[in-house]
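Encoded as structure tokens, the structure appears first; notes follow it.
When the chains are written out, they are named A, B and C in that same order, and each has its own residue count from 1.
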Amino acid sequence: MASQSPQVALTPSLEGGWYTDQSVFDAEQRAIFARRWLCVARASEIPRPGSYLTVTVAGESVIVVRDADHHAAAFYNVCRHRGSRLLREHHGVCGPVIRCPYHAWAYGWDGALRAAPNLPDPQRDNWASLGLHAVAIEERYGCLWLNLAPQPQPFAQDTVRQLLDRMGSDELVARWGLERLATGRQTVYEVAANWKLIVENFSECYHCPSVHPELTSVLPEFKRRRGTLHEIGYGAAYGDGVGGFTVDGRAGLPPLAGLSDTETRRYYGLVLTPNVFLNLVDDHVILHWLQPIAPGVTRVTCVWLFDPDVLAAGYDIEPSVQLFHTTNLQDFTVCEGCQLGAASRVYAQGGYLVPVEQQLQRFHDEVRAAVAADPGA
Amino acid sequence: MASQSPQVALTPSLEGGWYTDQSVFDAEQRAIFARRWLCVARASEIPRPGSYLTVTVAGESVIVVRDADHHAAAFYNVCRHRGSRLLREHHGVCGPVIRCPYHAWAYGWDGALRAAPNLPDPQRDNWASLGLHAVAIEERYGCLWLNLAPQPQPFAQDTVRQLLDRMGSDELVARWGLERLATGRQTVYEVAANWKLIVENFSECYHCPSVHPELTSVLPEFKRRRGTLHEIGYGAAYGDGVGGFTVDGRAGLPPLAGLSDTETRRYYGLVLTPNVFLNLVDDHVILHWLQPIAPGVTRVTCVWLFDPDVLAAGYDIEPSVQLFHTTNLQDFTVCEGCQLGAASRVYAQGGYLVPVEQQLQRFHDEVRAAVAADPGA
Amino acid sequence: MASQSPQVALTPSLEGGWYTDQSVFDAEQRAIFARRWLCVARASEIPRPGSYLTVTVAGESVIVVRDADHHAAAFYNVCRHRGSRLLREHHGVCGPVIRCPYHAWAYGWDGALRAAPNLPDPQRDNWASLGLHAVAIEERYGCLWLNLAPQPQPFAQDTVRQLLDRMGSDELVARWGLERLATGRQTVYEVAANWKLIVENFSECYHCPSVHPELTSVLPEFKRRRGTLHEIGYGAAYGDGVGGFTVDGRAGLPPLAGLSDTETRRYYGLVLTPNVFLNLVDDHVILHWLQPIAPGVTRVTCVWLFDPDVLAAGYDIEPSVQLFHTTNLQDFTVCEGCQLGAASRVYAQGGYLVPVEQQLQRFHDEVRAAVAADPGA
């Protein structure tokens, strides 16, 4: 009964186990999330020297702190003495040293050990070896990006390369000035679906007409089931009678400064694997980043970014926010439906990609290659 | 200390791990619950064409729908495209097609693919291969029975055979007219015990005097610790002063039509492995079906079935319902006590069956044989 | 980045996996908690013949009952027939037999089978083989100690030996008269940390100045980060202006009878691995026992023991209780911080012990040796 699919001439999708097996999840955490550049926060979340965040990356708690030179630094949140967590709050401001709450070992903002009670003097020779384990960090596009790899590939070869592949150059994204935009809203979604289902969902518009009535009203060409990823630099046009990128098509906010005429009244979607989606419209930016929690659980943070002057002026951002918040909820619901199916024995061999979903194949290849190269735990 | 049982001349029971190990549970799900006929619902739950249920069998979500010819059909609840769950409600009425909520692929009530947006015309040749995966279904005894096996054994060789072995013929059960009875009460119990402990419990009356004061008051011969399974066609007699099969022995409801004199004032218990218990008395029927959830968790659905005219006339069914509801609660409590002991190191080799429990041995042999034949995941 | 620690000349601690791996936990349960003597309760919890407790040791439910001769006896809480739990309450008083709630097999307080319905007479020969599985028990220091090993090592070689190693003789502990002290307070802490982190924490005072302001006010020498375990028979002196072993240093209760002058105004800490801490001060005793629940969860029971006459007289024990309750909460918080770090990849090789923490090395060696000798499940 469960075997009537001998030769379907469609591209196969990933097999069901890719979405449900703990061993696959663990391999992805090692091979992808502990080796690639990941967005973990907006840079504005650590505004001043001593401001810190603790974030979780590939299961690791990492301290991100702004140092005296206003540079961001990152360290494993693990004392070198007996492994105690150093900072337990999600964010805060630390003093001139980060002091372990257990035995009072103290580290500078550069991670160096500064004090350790009762450690005999001869050990001082070893102090240079007893600094916090560092994590690579970049502050780009107004975001903080971490890479847990001992020898990380350059950010330019990972994230920037993807941006160039999608947009042709970095000029367009540069004109959006992500560094100077301010967060108008931040929402965290706990999604009962594998992280890859969420990336796949964002990578195709085949589902747009059946899932997104509001979004396809604003972007009528999405009713043709093709998004913006198929052509370098492509943006989808607002519909003729549409006032702006809002939940009901009413006019939006004053446009961001510096955009060209061809960039207004257009929506640009970008996927920067493994964990970022970027959505550019003429009056705001929507940024998503993903954190896989378990094979069937992903935390998605979504921030809506605006011109700080527009926020300060008290404009109503709600119609803008609601369009993608509605879209998010619609997407995450269908992703959760796929997660339920992925565990079925009739999905053990996976499903199919139709031609308009071909963007997914590249993502699948990328994941397959990374996991194949994983040397194991 | 834990080793003083060298040569006890009693039949051994199953070893403790049969009730606690995840690998045993998984093997049973494959070898028994994905290969045998299972009762999943009363047929009346899908009364009209388009009425559907979604049920879980051996971890699989299955759609059961009544088609235009009033036949029941069943399919895996998994879209052939990218695995989305198709129907997420437990029951409802679907339109002429079952449409996937993700990309709008649509299937008929026969499982055939009817529509798939953007699927190129040449692919139409493959559409016959893209129907929903079917599940074997039988509508018998007023119940819906599913079998996940690719080539299921005939229902007659599995379930009917057991009924004949117990009753000698199918005449007696036929006289109860299970198809025309109506559900007066349905209760779902979440039991913290392995499904086999519940089958074992129903298969012996050794526990009746210590566990079931109400039941043994109505059926005094149960105080002799022997139930009804030891003799073909046997039914246990109500006590002399007992008015009916009720919690306090008061008179019950008008008797069902068509029963012979020897069938009134008697209780017949049947076990139809792997997941059904049937209890026949002269004025109603109690039907249990089991759904294993985890090694130590089983969901038991119990329905009390009555003559629809009696229900319509407004008779008080509560004294009838309460007798077996009370019995159920008593049984499930002692089953949960055995589950707790099954994990002990001193139960690793299992316990013993006394002679009056010999029915259990056949069940143990059946389970051992099925799992031994399991080819693995 | 995660590899800057080539040659630090400090003693290594246990590797992170010792605190997080289920397989290590299982091995420890077998090799340590099912083979060593464990404190499970105060003896006063079963005051009279027939009084019983059910306690969990190494995952096993054990009945502890006081027999007609006032001796404590212990048995696995598992019926020999089909494995049912016999007693489900945490404590109570049982009748002259312990009767299984399922099929009414009945056992004496000595564990012998006394009644089994329908068991054929020839089987009576086997009844001697059908008694409850016994567990070794000792009643010492006012406590009930269990040992699940089939052939337990003598209590004197395990627990008493440790006490002698720590104190030089058993005279000092004997003078405290633990058998006649009464429980003034009992608190159960659910700690999100591996049991070994809690033993390590109690075994060093390196953390005292940073974690325990109240305790180090009463015992100023603890500010020097050295506890009482480094020297046979050593007790730490109260500070000069300190009135007693209370949370704010006020005077405590009337001293226990029979202590010598050198024993007043001193605190003695003892570790009796694997699961007991003992704290002796001149007016009360604080006793901890540990129960590992999972790699990252430990239940700690702490009792405060006083002269029964002092309790009867209505003295305020709160200032005494609060000192160690406060200390407990401080300790368990830092232990939970270490548990979080133990799972980090940068702690896979563990951390370091400074010279003043050398007591931990013996404990680590003891655990390593026991697990190395574990023959497996």
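To be clear about the criterion, contacts are C-beta pairs under 8 Å (C-beta built on N, C-alpha and C of every residue); 3 or more make two chains touch, one makes a residue touch a chain.
The structure presented is a predicted model; accordingly, all values stated were derived computationally and were not measured.
Enquirer: Looking at subunit A with subunit C, do both copies bring the same residues to the contact (over half shared) or different ones?
Expert: Different; most numbers are used by only one of subunit A and subunit C.
Enquirer: Hey, what angle do you get rotating subunit A onto subunit B on C-alpha, to the nearest 5 degrees?
Expert: Rounded to 5 degrees, the superposing rotation is 120 degrees.
Enquirer: Taking the mean of the CA coordinates per chain, how far is subunit A from subunit C in Å?
Expert: Those two chain centres are 47 Å apart.
Enquirer: If I count partner chains per residue in subunit A, which residues reach a count of at least 2?
Expert: none
Enquirer: With touch defined as at the start, can you tell me which subunit B residues reach subunit C in the complex?
Expert: Residues in contact with subunit C: 1-10, 13, 16, 200, 206-207, 209-211, 225, 333-334, 337-338, 340-347, 350-356.
Enquirer: Can you check the complex and tell me which residues of subunit A touch subunit C?
Expert: 34, 59-61, 76-85, 88, 101-104, 116-120, 122-123, 126, 129-131, 133-136, 148-150
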